Structures are given as structure tokens and as C-alpha cells.
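Next come two complexes built around chain A: one with chain B, the other with chain C.
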Partner chain A sequence: MQYKSQAVAMPYFIAAIGLFVGQIIFGLIMGLQYVVGDFLFPEIPFNVARMVHTNLLIVWLLFGFMGAAYYLVPEETETELYSPKLALILFWVFLVAGALTVLGYLFVPYATLAQATGNDLLATMGREFLEQPLPTKLGIVVVALAFLFNISMTMLKGRKTAISMVLLLGLWGLAIFFLFSFYNPHNLVKDKFYWWFVVHLWVEGVWELILAALLAFVLIKVTGVDREVIEKWLYVIITLALVTGIIGTGHHYYWIGAPEYWQWWGSIFSALEPIPFFAMTVFAFNMVNRRRREHPNKAAVLWALGTGVMAFLGAGVWGFLHTLAPVNFYTHGTQITAAHGHMAFYGAYVMVVITIISYAMPLLRGRAANSEKAQVLEMWSFWLMTIAMVFITLFLTAAGILQVWLQRVSDTPMSFMTAQDQVALFYWMREWAGVVFFIGLLTYLASFFVKGEAKAVAS
Partner chain B sequence: MNTASATALTPAPPAAQYRLAGDLAIWIFILAELLAFGVFFSAYAFTRAHHVELFDAEQRALHRDVGALNTALLLTASYFVVRAVQAAERFAARASSHWLLGAMVCGAGFIVLKLFEYGAAFDQGVSLSSSPFHMFYLSLTFFHFMHVILGMVILAALWFGARAGRYQPGDMNGMETGAAYWHMVDLVWLILFPLVYVIH
Partner chain C sequence: MNIERKDPLTHLMPGPPIAVLAESLFLINLMLLPGLAFVLLLLLWWRYHDHADPLVRNHLRQTVVTCIWGGGLLVSISVAIFALGGLDNPWSWVIGVLYFVLFHAGLIYLGVMGLVRAINGHSWRYPLVGPRRDD
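The block that comes next holds the complex of A and B.
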């Protein structure tokens, strides 16, 4: 750690990992509810488990992004953070608000929660992933703005690098696009438009900038390749990501009541969305192959390479699988979507956050890298979680193909619930793969507590 | 990577001279652009096969002579860019900037003609939803139009650079990178024009 104020990243990383554990527990509960419908009913109904699973994911990734920014920006700008105290205050505000929201989901019926939190004043609740009550949404905006103020002020007084500029652009975009969540028109078509302006332009737009910047930062550190080379790649990747991702929003407009030409625009541009992810994979491997030093933190290098591969597979390949309008006509809203969602979120965003945690955490704890023993355990967790996720994705894909066939293609189409019964075997297998993922996650946690001879801090 | 680009040249220069003109990154970008247009062109061909008569009739309503004039403008611009690169390679920075200015005038001519063409089309009720052909006509030409504008921005940057004497033998990377992008814009039009305006 080169700057004292980078230390504020630590609580953010710890909270991120803690909420990650919560997310997976609720994933397991919900996965079981797919096959044992009344499991934990009425205490935790399926819709609540789902909401907690997805909301915790978003919140912990945001913790991860913020922690990453607090770690990365001082080092890139070569100056201390503008206000470490503000960063710590925001940490507690965000954590308490997040915890209260989840407790609200769990202990108050959603309609009552909506009534109690002023949803009648400004209706923003009820949309998938954006279920948060109004005070939480306002809290997110306040925290995001104060965070951006802190980061931007740091940037203004320090060195400006391409990596930190791209990161900042992504973070500002994240905050700005979230504002669409406050507009919830009665017209269902418009409602879907604004909803996608948040959801899609986050994960297939500005978050990709954050992802690329974090990956580039870690690659510079662990490979020692020239900054100019890495920055050139960064520019190419973000341009491709924005051109394909922004117009690619059209792949959500096929069946919502938008004009027909979106089926062409959406298909063509989103079919190209794998390209930036492919470039990212090539970039990661290319840089590691051209490395000028052997960084002692092998685990971080593994996570960085894994991010490239899994983001390409999950976001690129599994996205392409159902992005063309004639295919999507049959597959939209099926388990194919769930398969893509799982591997894309894991491969792109979960893995990049773990990459930066894996790189930064030892440094925050005063050593260049963890002991050999701890790293071996961490690599075990990498393989357990990653392989488990591959299987979750494959089982969901199988379930999805079967579902599409039984429910939408066959001459005697089944009803939704009858088709669900037919694919139960795949849900069981997915649940077991989920258990393996959870074991991988526990292994990851354990790796933080393994002692052993640590590598000294590199100068 | 360097060797691949020179395989079509005869006679092959000695291995040590194999060199990719411009930056590797711009070539990755150009390939991605060509892929995007390629997919769009294939979609056009596929749809045309299903609506041959409609496409024929509506293609005839386009201003083919304006399109031909635009083709000439873009080709001339590309020629001027080639002269600009050659000028910079023999230390003639001033001449280089003049050639670039000429290329930009041609590009601006393209943009003006295209705007008149769009104006006339919109007056006749052409829109993205008025017919499958119109959807492709507007999408393809507008997507290309945006590329011409970006190309103009790049040419302007080269022009400033050339006036500042930034490009000379041994230091041609920036100039070649920008020139390669402009040629891509030209190349796409050379496929787009016959495909949309001419071939029935």
C-alpha cells in the first residue's frame, strides 16, 4: 500500500464479501424452492428470496466497486484520497441502509413496506432489481454523489491516467443511469424503456468501463507491462463496449411494444457485444504472457485471467445464444435467460471484484502477497466456484432448452407449471452445483485466515 | 501480426521490413467495424430476398446520381489522404496539411449532399417504420454517415498535427492510423452504394 488513505478500501471489501455470502445463502434457499415449493413458506416466500438474492448481489458489487475505487484512485493519481473520513462515513451509511432494506424485505410484506416508505408519493417500487423503497433509492443517490465527489476531487488534485478516467466515467455513468429508476410511467412500454435504461445500460454499458479499468489496473501491477500498451487496449475495449452495448439495448425492445426495426438494430448490435469481451480475454492473456516480472500474488493473476475467460463465456457467448430476435422470440424470459444472467454476473463482475480484492487485500494487510498455503486455498476456491458456476449455467441452459421446447415450440404446448415439473431434475442438479459453489465460497473465506510465511511488501 | 498484413504484396519485402501501417489497435477496431457493417449487409441481402419487388421499386426511387457523386467525393478524399501521407513521408508537412484540407472539403461535400437526400426522403414520408427497405436504407446510410462525421474529426486532428509538423519519416504512426480509418469509411461506402442504390 503506497498511500495511507487506501486503507478505507478494506471495510468496503469485507462488507462486499459478507454480503456475497448472504447472496449465495438466499440463492440456495431459492434454488431449493424451485423444486420444494413450500420450503420456508410462509417465512421466506420465493419472491422475497429472489429479491434478496438479486439485491444483495447489486449492493455487494457496488461495495466492491467503491472499495476498488478507493484503493485504485490514490495510487493512480499519486495523491492521498480527498477525504478518507467521508469515505468511512459513507461506508456506514450504505451498510446500515442496505441492511435495513433487506430486513424490510424479510420482515414486512412488500405492499406494507411500499406504503410505509412513501411509495404513494413517488411510485418507484416493484420493478425487478429496482425493488428498493424510496428512502433507500434516495440513500443510494446521496451515497453515490458523495462518493463521486470524493473520488473526483482526488482526481482533480492528482495525476490523471487513462485507467482512472475510464473508471470515473463508468462510476459517473452508474450514478446517472440510476436516476431513471425514479421515473415509473403508467405506460407499460415506456416503463420498460426506463427500466432497461438502468438495468441494461449498467451491466452492458458503464459497468463494462469499470470492469475494464479494474482489470487494466491489476494487469499493470502484476505484469509490469508498459502503461501505454495497456491503455491502448483499454481504449479499444471501451469503445467497442459502448458502441455495441448502447445500441444493443435494442435486444430488450423486441417484444415490449417498440417499433419493429428494433428487432434488426437490437439483433445486429447485440450480436457484436461479445467482441469487447473477447478483446478483454485476448488482452488479459497477452499481457500476462508479455509480463516483465513474476508477481508473488499468483492468485490475483489467476482471478484476472479467469475474469477474461468467464466474462467472455457468460456475457459474450451465453448472451449471443439468445440475443437474435428470431431466437429470442422463443427463449425470452425462460431459464436460458437465467443461465446467461448467472454466468455473466459471475464471470464479469463478481470475478473482477474478487480480482481486485485478491490483489489489494494482502497489500492492505501489509504484505505483497499471501503465504503459499493461503494462495493455494484461494486458488482452490477459484476452481470450485468457477466450475460450479459452469455447471449451474449448463444445467439451467438444459432446463431452458427443455422448457422452450415443452412450453413454446411443441405441437401440444404445456402450461408453465406443468413444464416446470418436467425440468425438475435439472433444478435439482443446479441446486447441488450451487452447494459446491457455496463450499468454494467458504474456502475463499477460509483463505483469509490461513497463516504461513507471507511475502514481504514489494517496494 | 506484422507478417500477415504483407502477405498479399509482391514481391515480398525482406522479413525485417514487414510492417503494419498504423497502430495495431486501429486495425482491431477497423475489423470490428467491418464486421458490424458486414452483418448489416447480410441482413439486408437476406431481407431483400424475401421482398424483391418492393426493394426494386423503392431502390429506383432513390437519387442514384447523388449517390454516384458522393462516391466520387469519397474516392477523391481517399486519394487526397494518400497524397497527404506521401507528402508527410518526404518532410513536406505543408503540402500534407493542404491535401488533408482537400480531403475534408470532399468529406464535407458528402455530408451536405447526404443531408439534402435525407431531407427529400423525409418529405416523402420515408421513415424507419415505413417499409423494410426504408428501414435498411436509413439505418445503413445513417450508420455510415456517422462514420463519415467521425472520420472528419479524425482528419481534422491529422490536419492540426500536420500543420504542427508532427508527422515525418520514422514518426508516421498517428498519420497512418487516422488514414487507415478514413479508408475504411470509404471502403464501406464502396460496398454500400452499389448494394443499396444500384443492384436490382
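The block that comes next holds the complex of A and C.
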């Protein structure tokens, strides 16, 4: 660790991993509820488990991004963080707000929660992924603005690099697009239209900038390739991401009542969306292939390469699978979407956050890399989680294809619930793959506690 | 023949451009312009297959042979799945779509490896279907 203030990243990383565990537990609960409908009912109904599963994902990734920024920015700007104290205060505010929100979901009926938190003053609740009560949403804005103030002030007083600028652009975009969550028009078409400004322009827009910046930072560190070479790749990737991703929002406008031309715009531009992810794969392998040195942190290198591979597969290939309007006409809202969502989030964002944690945590703990034993365990966790996620995706895709056929293509179409019964076998297999994923996650946790001879920090 | 290569740590693309082009066409054939990119790759091979640089020969030969084998396996097995199972059978679609997507993505990843090797000035052999590199 080159700068003292980088230490504030550690609590963010720890909280991220803790919430990740919570997210997977709720994923397993709802996975079981797919096949054992009354499991944990009425204590944890399916809709609540789903809300907690997806909201925890978003919150822990945000913790990961913020921790990553606090670690990366001082090193890139070659100066201490503007205010480490503010970063720590924000950590506790965000953690307490997040915990209270989840407890609210679990112990208060959603309608009561809405009433108690001022949803009648400004109705923002009830929309997928944006279920948070108004005070939580306001809290997120306050935390995000204070966080951006801290990071921007640090950058203003230090060196400006392409990596830190791209990261900052992504983080500002993240905060700005979240503001659309406060706009909830009565017209359902407009509501969906702007709702995607948050959801799509996050994950297929500004988050990709954050992803590319974090990957570039770690690749510079672990390969020793010239910054100039890596920055050129970074420019190409973010240009491709924005050119394809912004108009690619149209693939959400096919069937919501928006004008028909979106079927063309959405199909063409979102068909190109795999290209930046493809470029990221080439970028990651290219840099590792030409590396100057064998970095002692092999686990971080593995996570970085895995990010490239899995992001392209999950976001790129599985996204393309159902993005063209004539295909999406049949596949919309089926398990094929769930398959894509799982692998894309894991490949792109979960893995990049673990990449930066894997690289930074040993340094934050005073060593260049963990012991061989700890790294072997961490690499086991990589393979367990990644292979499990591949199988989760395959089983959900199989379930989705069958669902499309039985429910929408067949001459004698089945109702939604009858079709669900027919694909139950795939849900069981998905659940078992989920159990393996959870074992992988526990293995990952265990790797933090394995002792052994750690690699010293290079002078 | 001793060919000087650029330093991979400071140059964006130290490998021979024709080898990079061959691997790029292999990937474009899979992702953007199937068929047309293959024809261009064949023309490139026709023009440069006896190039003085062994790396150029290596990448041209690997991409052309893998394109033919990979494309053949991708199309023929997909057709066989639907022909044997029937278009009206949902399981044909489950197996057919999963086979196509996985095999196609697998070829893309192998192409990425080939492209990276070409960019960095290394030789490459596609597993299983690629001809032995020293031919």
C-alpha cells in the first residue's frame, strides 16, 4: 500500500463480501421456492426473497466500486485521499441504511413500508431493482454525492490519468442516472422508459466504464505493460461501450408501448453490444500474454482473465442470444433473461470487484500477495463459483427455451404455471449448481483466513 | 531467416500485420460477416501462404483449416440435431441452441487466443482441429 488513506478501502471490501454472502443465501432460498413453492412461507415470501437477492447484489457491488475507487484513486493521482474521515463516515451511513432497508423488506409488509417512509409524498417504490424506500434512495444520493466530492477533490489535487478519469466518469454517471429513480410518471410506458435510464444505462453504460478502468488498473499492476499501451485499449473499449450501449437501451423498448422504430434501433445497436466485452477479453489476455513479470498474486491475475472471459460470455453472447426483436418477441421475460442476467452480472461486475479485492486486500494487509496455500484455495473458489455459474446459466437457458416452446410457440400453449411445472427438473439442477456456487463462495471466504508464508511487498 | 520483432511491452501491436489480419478475419467470420470474411481469409491465404515470415504462414494455415473444420462441425451437427429431432420437438431446440451457442463461443475464445498470439508475435495452434504448427 503506497498511501495511508488507501486503507479506507478495506471496510468497504469486507462489507461487500459480507453482503455477497447474504445475496447468495437469499438466491438459494428463492431457487428452492421455484420448486417447493411454500418453502419459508409466509416468513419470507418469494417476492421479498427476490427483492433482497437483487438489492443486496446492487448494494454490495456499490460497496465494491467505492472501495475500489478509494484504493485506486490515491495510487493513480499519487496523493492521499482528500478526506479519509469522510470516506469512513459514509461507509457507516451506507451500511446502516442498507441494513435497515433489508430489515424493512424482511419484517414490514411492503405496502406498510411504503406508507411509513413517505411514498405517498413522492412515489418511487414498487419498481424492480428500485424498490428502496424514499429515505434510502435519498441516502444513496447523499452518500454518492459525498463520495464523488471526496474522489473528485482528490483527483483535482493530484495526477490525472486516463484510468482515473474513466473511473470518475463512470462513477459520476452512476450517480446521475440514479436520479431517474425519483421520476415515476403515472403513464406506464413513460415509467418503463425512464426506469431503464437507471437500470440499463447503469449496467450496459456507465458501469462498463468502471469495469474497464478497474481491469486496466489491475492489469497495469500485475503485468508491468506500459501504461500507454493499456490506455489505448481503454479508450477503444469505453468508446465501443458507449456507442453501442446508449442507443442499445432500445432493446428494452420493443414491447412497452414505445414507437416501433425502437425495434430497429434496439436490435442493431444492442447486437453490437458484445463488441466492447469482446475487446475486454482480447485486452485482458493480450496484456497477460505480454507481461513483463510473473506477479506473485496469481489469484488476482486469474480473476482478471476470468472477468474478460465471463463478461463476454454472459453479457455478450447470452445478451445477443435474445436481443434481436424477432427473437425477443418469443423470449421476452422468460428464464432466458434470467440466465443472461446471472452470468452477465457475475462475469462483468462480481468478478471485477473480486479482481480488485484479490489484488488490493493482500496489499492492504501489508503483503504483496497471500501465501501459496491461500492463493490455491482462492483459485479453487474461482473455479467452483465460475463453473457453477456456467451451469446455472445453462440450466436456466434450457428451462427458458422449453418455457418459450410450451408457453408461446406450441399449437396448444400452456399457461405460465403449467409450463413452470414442466421445467422443474432444470430448476432443481439450477439449485444444486447454486449450492456449489455457495460452497465456492465459502471457500473464497476461507482463503482470507489461511495462514502461510506471505509474499513480501516489493520495494 | 532472422526476423526482428518489436518490443511487446511498448508497442501496441508487435506481431506481423498479416497474421493479425488472418486471426481478425477468423473472428469477423464468426461474429460479424460470416461467409464474406471467410472468402477474404481464403484470398489472404492464397496471396501469402508462402510468405517468408513463418509466423504469417502459421496463422494463415491455422485460421483457414480451423475455419473449415470448425464451421463444418458447427453447421453439420446443428443441422443433424434438428433433422434427427425434428423442428417441432422442443428438445431439438434445447439441445440445438445450447450446442450452437457453446460451440460458437468456444471457437470465438480460441480465435481470441490466436489473435492475442498474433498480436504479440507468437505462433499458435488451434486445439484438436488446427494443423501441426511445424508443417
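Quick note on the criterion: the second predicted complex is superposed on the first by the 459 of 459 C-alpha atoms of A that agree within 3 Å, B and C clash if a C-alpha of one lies under 4 Å from a C-alpha of the other, contacts with A are read in each partner's own complex, and residues count from 1 in each chain.
Everything that follows uses one rule, which is that contacts are C-beta pairs under 8 Å (C-beta built on N, C-alpha and C of every residue); 3 or more make two chains touch, one makes a residue touch a chain.
Quantities reported herein were computed from a predicted structural model and do not represent experimental measurements.
When the shared chain is aligned, no partner comes close enough to touch A:Leu442: not chain B, not chain C. By the touch criterion defined above, A:Ala279 reaches chain B but does not reach chain C. By the document's definition of touching, of the two partners only chain B reaches A:Trp265; chain C does not.
Of the two partner chains, chain B is the only one touched by A:Val236; chain C is not. In the superposition on chain A, no contact is made by A:Leu40 with either chain B or chain C.
In the superposition on chain A, the chain among chain B and chain C reaching more residues of chain A is C. When both complexes are overlaid on chain A, the residue A:Leu179 reaches neither chain B nor chain C. Common to the chain B and chain C contact sets on chain A are residues 232. On chain A, the positions that touch chain C within their shared complex are 224-226, 228-229, 232, 274, 278, 281-282, 285-286, 289-290, 292, 309, 312-313, 317-318, 321, 394, 397-398, 401-402, 405-406, 410.
Against chain B, the residues of chain A that register as touching in their complex are 232-233, 235-236, 239-240, 243-244, 259-261, 264-265, 267-269, 271-272, 275, 279. The part of chain B that touches chain A in the complex is made up of residues 23, 25, 28-29, 32, 35-36, 39-40, 43, 128-129, 135-136, 139.
Interface of chain C with chain A (complex): residues 8-12, 14, 31, 90, 93-94, 97-98, 101, 104-105, 108-109, 112-113, 115-117, 119-120, 122.
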